[in-house]
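Each of the next two complexes has chain A plus one other chain: chain B in the first, chain C in the second.
Entry: the complex of A and B
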């Protein structure tokens, strides 16, 4: 009973804070409205008994949205973000796409012949999740991890302003790196 | 470990309040001694309570074009994050909640402080405050990964994410004894998480108080008190994770938990006064170049030991 009430409350609050993302006029408020929406969704996942997934959603979304706030405010059209702004772009096209996707999804819910539930939820969903990811899908996850890591390294290498040759000289022989702010691990 | 009796919900905040007041009183005594201040020690011990009373009756500062909502939310979230994280903290054999994913819950709640400090810096529409908020995000990126690896190492050795299970797994040997790197990195990141010295650049003097610079009255009390609470909870968690929780001879287990927490907390408070403030970009380099490889190695060693036994 309590969990049914909570599920409705979280669901409504997630939708309301999701809608607020488009109604508010400050980038900071918008970012944290989106974070609130994610946190209410995490509440729903916790109610489903998926403790690990719920906690990880909270963990990842808070980190992600705080870093997102930094970038959103950095790149937005009015720096500092305290001046009013709108989250709308291409309103007519966006309304069309959003309406289309909503209708398609809702139709999908009604029209798909959902399979009946076979089996029961595992005693320990965290373990089941870990075995699903690290058992049968081990190769996929390893490849994915490697690809992601290579992407991160490549992006940093491409984006970095100063490489090791700038820091340690052309033959990499300098004792101390020539850093604009001295005092790192090397020197 | 038994599921929580209802009284633990009431006992937890009371115990935390007492320990927090004690820790800040100890810090005040050290401060008075370092400053060579005349006057009795009792005066220094009572300082946190006097300061709290002073802030309670103080006027709240108002700034121009502040984002009041985000500001208040940020300030309130600091103690709230600490309290929510403390829910899985076992006192003796009893925790308010001992879910199967306790360690992940603890991590998820303490990370709310990222949002909290940034919001507290953003809210007042003041440049120095905002710089303080940004500093904490940068510091967070530095301490969080070594911190997570330290948590994972303890969970790996116990084979469970349940805090109670981690305590039970240390019945023969404390984790601090055979994973000292994870233990030390955990304590370091606990201080960084609570942005206390030497990681207090977000509230630095060079920023005229940084993220707390525009706070006065009850707002200031909530943020600074929440910061102490965050330190207490983070340090207290090192007891079940690495120091065998309430295990020990003679004394009851709740008393052992308190004694261990008090000792570690006193050591952390004393040690953190020995260091000057560390700039977060220097700490970031140290965290990523030194601490992260060390914690990964520690996790590797522990994993191999777990697999071999």
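Entry: the complex of A and C
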């Protein structure tokens, strides 16, 4: 009974804080509204009995949103929310598309004859997940690892101000690095 | 809550995120919309695991994959924003419309 009430409360709050992301005036508040939405979804995941995944979502999203707040304040105007912030384009078309997607998916959800529940949750879902990732789902885990590694490389390459190709030419054969300020410091 | 209610919640989060991703002019706010869309998928996948096939771990693995996709999207998104901001001083989607056909 309590968990049913909590599931409703978390669900409504997740939707409300998700909508606030695009209504609030300050970037910092927007970031924390998104964090709240993630935390309520993590609460739903915890209520569904997935303790490990819920905790992972909470820990990861707190860190991710704090980093996001730093980027927000770096790139955005009006980080303190002292002025109204309206940076929309094509609001009406987007509202039509988003509303259409919601109506279509809700219709699908309510009309489809979902399969009956097969089996019962294991006593320890975290153990089942670990055994799946290290056993039958090993390929998924390896693909994830490779994707994460490729992300590390790609993000560093993209975010580097001046890499070795900028300094030594496309074939890396320049005798001297083409630095704005000579002296070997990568300016 | 029943499976249908959880899925409607996921669809609602997805649609709010889609609205944000389509309307926001700032690239960073656009990424917030994408994150909200993935958020909806997380709750839908977890509910699917619980209500349809709790004895298999595949639903949990799907949640893991989605969370990893979320982290990758965020990291690559910020790297792209940093690169385009450095190259052209662009932080708005309307200023980065080079590929408009």
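Just so it is clear, the second predicted complex is superposed on the first by the 147 of 187 C-alpha atoms of A that agree within 3 Å, B and C clash if a C-alpha of one lies under 4 Å from a C-alpha of the other, contacts with A are read in each partner's own complex, and residues count from 1 in each chain.
In this text, a contact is a pair of C-beta atoms (placed from the backbone, for glycine too) under 8 Å apart; a residue touches a chain by one contact, two chains touch by 3 or more.
All figures in this text were calculated on a predicted structure; none of them were measured in a lab.
Participant: Clash or fit: chain B and chain C on chain A?
Facilitator: When both complexes are placed onto chain A, chain B and chain C end up side by side without any clash.
Participant: Could you tell me if A:69 is touching chain B, chain C, both of them or neither one (first, second, both, neither)?
Facilitator: So A:69 only meets chain B here.
Participant: With both complexes superposed on chain A, which partner does A:88 reach: first (chain B), second (chain C), both or neither?
Facilitator: In the superposed model, A:88 contacts chain C only, not chain B.
Participant: Looking at A:109, would you say it contacts chain B, chain C, both, or neither? Reply first, second, both or neither.
Facilitator: A:109 contacts chain C only, not chain B.
Participant: Can A:14 be said to touch chain B (first), chain C (second), both, or neither?
Facilitator: second
Participant: Go through the superposed model and pick first if A:181 touches only chain B, second if only chain C, both, or neither.
Facilitator: first
Participant: Can A:56 be said to touch chain B (first), chain C (second), both, or neither?
Facilitator: both
Participant: Regarding the shared-chain residue A:169, is it in contact with chain B (first), chain C (second), both, or neither?
Facilitator: In the superposition, A:169 contacts neither chain B nor chain C.
Participant: Is it chain B or chain C that touches the larger share of residues in chain A?
Facilitator: Comparing chain B with chain C, the partner touching more chain A residues is C.
Participant: In the superposition described above, what is the shortest C-alpha distance between chain B and chain C in Å? Please give a whole number.
Facilitator: 14
Participant: Can you pull the chain A residues that chain B and chain C both touch?
Facilitator: Of chain A, residues 56 contact chain B in one complex and chain C in the other.
Participant: What does chain B use to touch chain A in their complex?
Facilitator: Contacts found on chain B: 65, 67, 69-70, 73, 99-101, 104-105, 107-109, 111-112, 114-115, 118-119, 122, 125, 134, 137, 140-141, 144, 161, 279, 281-282, 285-286, 289-290.
Participant: Residues of chain A touching chain B in their complex?
Facilitator: Listed in rising order, the residues of chain A that touch chain B are 26, 28-29, 32, 35, 51-52, 55-56, 58-59, 62-63, 65-67, 69-70, 82, 124, 126, 181, 183-185.
Participant: Any idea which chain A residues touch chain C in the complex?
Facilitator: On the chain A side, the touching residues are 4, 7-8, 11, 14-15, 18-19, 21-22, 27, 30-31, 34, 37-38, 41, 44-45, 48-50, 53, 56-57, 60, 64, 68, 71-72, 75-76, 87-91, 93-95, 97-99, 101-102, 105-106, 109-110, 114-115, 117-122, 125, 128-129, 131-133, 137, 140, 144, 147-148, 151-152, 154-156, 158-159, 161.
Participant: Quick one: which bits of chain C touch chain A in the complex? Just the residue numbers, please.
Facilitator: It is residues 1, 3-9, 11-20, 22-29, 32-33, 35-36, 39, 42-43, 46-47, 49-58, 60-61, 63-65, 67-68, 70-72, 74-76, 78-83, 85-86, 91-94 of chain C that touch chain A.
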